[in-house]
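Shared between the two complexes below is chain A, which has chain B as its partner in the first and chain C in the second.
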Partner chain A sequence: MNNSIPRIVRRANRIRRLRPEQIQQSYRCFSCSIRHAQQQTPRPDESPRTTHFGFETVAESLKQSKVAEVFSSVASSYDTMNDLMSLGIHRLWKDHFVSSINPGLNPLIHTPSPSSSSTSAPTDPLRILDIAGGTGDIAFRILDYTTTIHNDSTSHVTVADINPSMLSEGQKRASKSPYANTGRIDFIEANAEQLSTIPSNSIDIYTVAFGIRNFTSIPTALREAHRVLKPGGLFACLEFSKVQNPVFDAVYKRWSFGAIPLIGQVVAGDRDSYQYLVESIERFPKQEEFSRMIGEAGFLIPGGGGKEGEKGGWEDLSGGIAAIHKGIKPAGSGIAAVGGGSV
Partner chain B sequence: MALPSRILRPFHLPSHLRTIPTCARLYHSYDHPPAPPYAPAEQAILSAAITHIPEHGFTQTSLSRGAQDAGYLPVSTNLFPSGVFDLVLFYLVQRRLGLGDAIATEGLDRVWEERKVGVGGRVRGLVLDRLRMNARFGVVGRWQEALAIMAQPSYIPASTTELWRLSDEIWFLAGDTSVDTSWYTKRASLSAIYAAAEVFQTQDSSAEFRDTERFLDERLGDLRKVGGTVGAVGEWVGYTASSAVNVLRSKGVRI
Partner chain C sequence: MAKPQQNCLRAVFRSSATCSSWRLLPIASYRSFSVLNRPPPNYEGHVPLTRVERAGLAFGSALWSFFDPTRADLIAALGEATAQPYFITRLRNAMLVSPTGRRILRDRPRLTSQTLNLDYLRSLPTNTVGRAYITWLDLEGVSPDTRDTVRYIDDPECAYVMQRYRECHDFYHALTGLPIMREGEVALKAFEFANTLLPMTGLSIGAVATLKRPERERFFSVYGPWAIRNGVNSQEVINIYWEEELENDVDALRERLGIEKPPDLRAIRKAEREKKKREKASNGSL
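Moving on to the complex of A and B:
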């Protein structure tokens, strides 16, 4: 009986450490207001806009460099760590992600047939932009898929990442892959919120796998995706999400908050980066909310068109640990209609 | 005493849940036209894809061709989470809704009134109409593909629901107003007959599907026979039971 009291206190402490902002606002009394006043960090005047970095709140200008720090430090052990943390399942998720997009134009099907004059210029090679895809995980899978499934050897993938150390990992792998000298893959260093090197309406497929939660402003990135995509182009996002089953969620939380930072410490020698990883997963919007954000950026949400009883717009993987979200840029919405939510 | 006010307070949903489901209506309304079941972009792509079915069948190819015709890209077919099955379902929904339009445009109502066609005859006419649509849109030769897709386990619930809706639509348009359990049995038996007739149609090589028409007439005849027999048996059981009770009562048993 004596043991139970300190355990409760310990748990309460742990919860307070995990969710400081929610505890602060949960009830109002004098003691809380003192603690609140003490913990509130003075915001720098020149950048009043803040965003979250894991469970911390940081100025928007700082997040980018902090994320850069994290990924520079994990770049070399990135793949080993992914395998250990997800027990190898991330490979299945990525495979499924690519096959659900079904990229590739079969040259036998998509040659312009003389009978149908309206099929205009489908022979342009498919242009794919893989954002935050530094190590090329998604890019190589897409190229494999287009080549082997659709017999399409023209599709082109541009891998964009903000982090040079992740990109150099990808370039190393590209030079050993069969696509090394085919000119079908290239790497650019770019910020997903300002893809200034990529012209508007030029991309068929925009993919971002396990990257979007690190962006400083997700709505800005979504609007930028809307800009670069051709009308009818596909925005596809694979990201960690909210586990739907509460029992499984409890087990999963144990694993992610208990085991993952520990694995990071032992294998990569970097606990903080992996602590950030699990915290950023926790902070990322839920399926419904993220789907709504995609809609607000001006995309059509698949399956939301009215078939009743069907939750639209995303597919849960492994019970919701990860989810695939998609959006289609409406045709005839050229450049003018950027951002349906900017009203 | 705070309880009533809590009950009476309007029920507030979070805004993202408050969107009205567009096609969840489970009844026929005379006052409000039903909302279009598909969003404009989906409607455009799928309608264009249907024109490619005779050539390419119920395949991804038809879908991507349709997307291109509608001004979209082949990759835009990601708009359909179930892929080809969405095309099949779209075809079924469109043809089902087309039945009502056909009545309006062809003035079938008046013809039925003049010739004094009963509900049974109207049902027969509507089923035949629906089967002829398959021929008109050139999908008869491809329908086995669609059946194979619909038979995939994950699609069976949606397919059977659509079949039920079709038979409900047919009975409704035929003017059936039953409010007893026969409401269910009528729809269930018509679903079975329609599904069988459609499968028969895929292998029918006779001119203008005469054999399918004959097959349908025989099945409807069977239904009438079975329905009559069940009714007669029920009547007999009811009569016998009540006479038995009366006989026992006359012997002084307190029932």
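Moving on to the complex of A and C:
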């Protein structure tokens, strides 16, 4: 379109710099990277533990690199594709997710009084960890919410993502946002199953939006979330889930498996990444099972779990296309969270 | 369902009228299926598409590539989405009729940077097929590996025919001498349409609407008629075993096939540019 000429030049330059032995790695196409990854078969002495990658079964050690290829490939067109695939509704989901967490410590309510006893903890600024949040959709919404609704300008968000391409998209947006030099947002490259740079009992709110289905081992990620959260801290997860109504489900499945890879092909030139995305949605456990997994990791499910609704373990969005799951780390010894979020 | 079976049987009889092979029996891919239960792939990378998906891909890729012609992958997808059920089979049958075409279908050679020795091609004399081919590649800044793999054609042999057509496109540039700019590409697509009858090549002629006015006039007066005339009269270019023609002279090959050399488009455009420059200079000096 109107930027086609610089695109021709950029593409020609990129191709000119290719040498034949490098062409295979520089391919943006997903199917070539799958072939490349499949040629690296796991060594026989490695444990043959497998996990799912969409509808394929792969060795656990390969899944991470395969997911990495998917997200490096989709990073630049991520926002456009999200809008096209969900017809813009993903924005409403994310807005609702953040407002249902209700983050923020109003400074008028939460300043420690001079006569407070020495045993009560001073009010630290809220520390929020957004996992798999590369492009910053949730992080920026949280910062906006705390600043505008609760007048809280001290809360801090750390955006962690395993994929550098997604992180750099997020950093680009951060530099253009009002939070550019405020020190309220940090980007770190980290694996959600091994958050080695984040100390235990240090996070007030742990959020993960549309990321957890890509993890190699969900229980490991849940246990790691449990570790880094302060007692009383909130675990909140927004993820695709099972549609309850069977008629709507039939339509939704046909849209997922028919239209979405096609849109991926036409808009992004990459059918396979979007085929993986819809398959990974299909493979993700349903609401009851995921709620049970959260409980098994040591979280308390608000309302006791097992059913949907305000008192239940999860909240369905758009008829079950997406769902918000929450859990609270039980309060115990250690620095308690001040309750800067809500369930 | 009787209708699709009737249609494919009709296609079988029509195409088998030109060749006596009964390998053209309807295969499982003609049975209708939904996106939720696709049949297993017929070759690596194969994605069986439903009719609705194929139509969607054809429309989507046609529209998007019209506005952004640098998306070669969409033009490739358009070709695959529109070639079935009849046109790619017709092309494959044209290969079966010729002895060289049959050899190509049996050997299934691929044109990649591994199978072609690019440095050797660069060392060939100037008017050879191989040298002309590598010159076009270097000018465009691509390697033979940048062509997408065929995914949406159900029959594996027809998929190979499509892949071969795609890989030979740069050879057609060398054969006809048409340059790689939009004007030359449209003229080459017109030639390919007259010769191979693939719908994508015909649809690509629609890109004439995006040409500048003098280019459009040149197309309708010179290159369009040249393309149709030569495409129809020459032999099927899909049957050329390019790997064996690399050291031959381009003009001799053209004569053998029955293709006239079109007017040198680069020279014409250059002459026009100079004329404009001179006019501008003389106007400026007034």
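Operating definition for what follows: the second predicted complex is superposed on the first by the 272 of 343 C-alpha atoms of A that agree within 3 Å, B and C clash if a C-alpha of one lies under 4 Å from a C-alpha of the other, contacts with A are read in each partner's own complex, and residues count from 1 in each chain.
Heads up, the rule we're going with is that a residue touches a chain if its C-beta (ideal position, glycine included) is under 8 Å from a C-beta of that chain, and two chains touch if they have at least 3 such contacts.
All figures in this text were calculated on a predicted structure; none of them were measured in a lab.
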- Between chain B (first) and chain C (second), which, if any, makes contact with A:Ile328: first, second, both or neither? first
- Message: On the A-aligned overlay, A:Ala68 touches which partner chain: chain B = first, chain C = second, or both, or neither?
- Response: neither
- A:Ile149 contacts which: chain B (first), chain C (second), both, neither? neither
- Query: So, A:Leu262: does it touch chain B (first), chain C (second), both, or neither?
  - Reply: second
- Of the partners chain B and chain C, which touch A:Ala59 in the superposed model: first, second, both, neither? neither
- Item | chain B versus chain C as contact partner of A:Leu234, first or second or both or neither | first
- Query: Which partner does A:Leu84 contact after superposing on A: first (chain B), second (chain C), both, neither?
  - Reply: neither
- Dominant toucher of chain A (residue count), chain B or chain C: B
- Message: For A:Arg271 in the superposed arrangement: first (chain B), second (chain C), both or neither?
- Response: second
- Please name which positions on chain A make contact with chain B in the complex. 100-103, 105, 109-110, 116, 118-120, 122, 126, 204-205, 230-234, 236, 288-289, 292, 300, 302-310, 315, 326, 328, 330-332
- The residues of chain C that touch chain A in their complex are 34-36, 45, 47, 50, 52-53, 56-57, 60-61, 64, 67-71, 73-74, 77, 113-114, 140-143, 145-146, 148-149, 151
- Item | Of chain A, residues touching chain C in the complex | 1, 4, 7-8, 11-12, 15-16, 18, 20, 23, 29, 31, 253-254, 257-259, 262-263, 265-267, 269, 271
- In the complex of these two chains, what residues of chain B are touching chain A? 16, 21-24, 35-39, 41-42, 60-61, 64-65, 67-81, 89
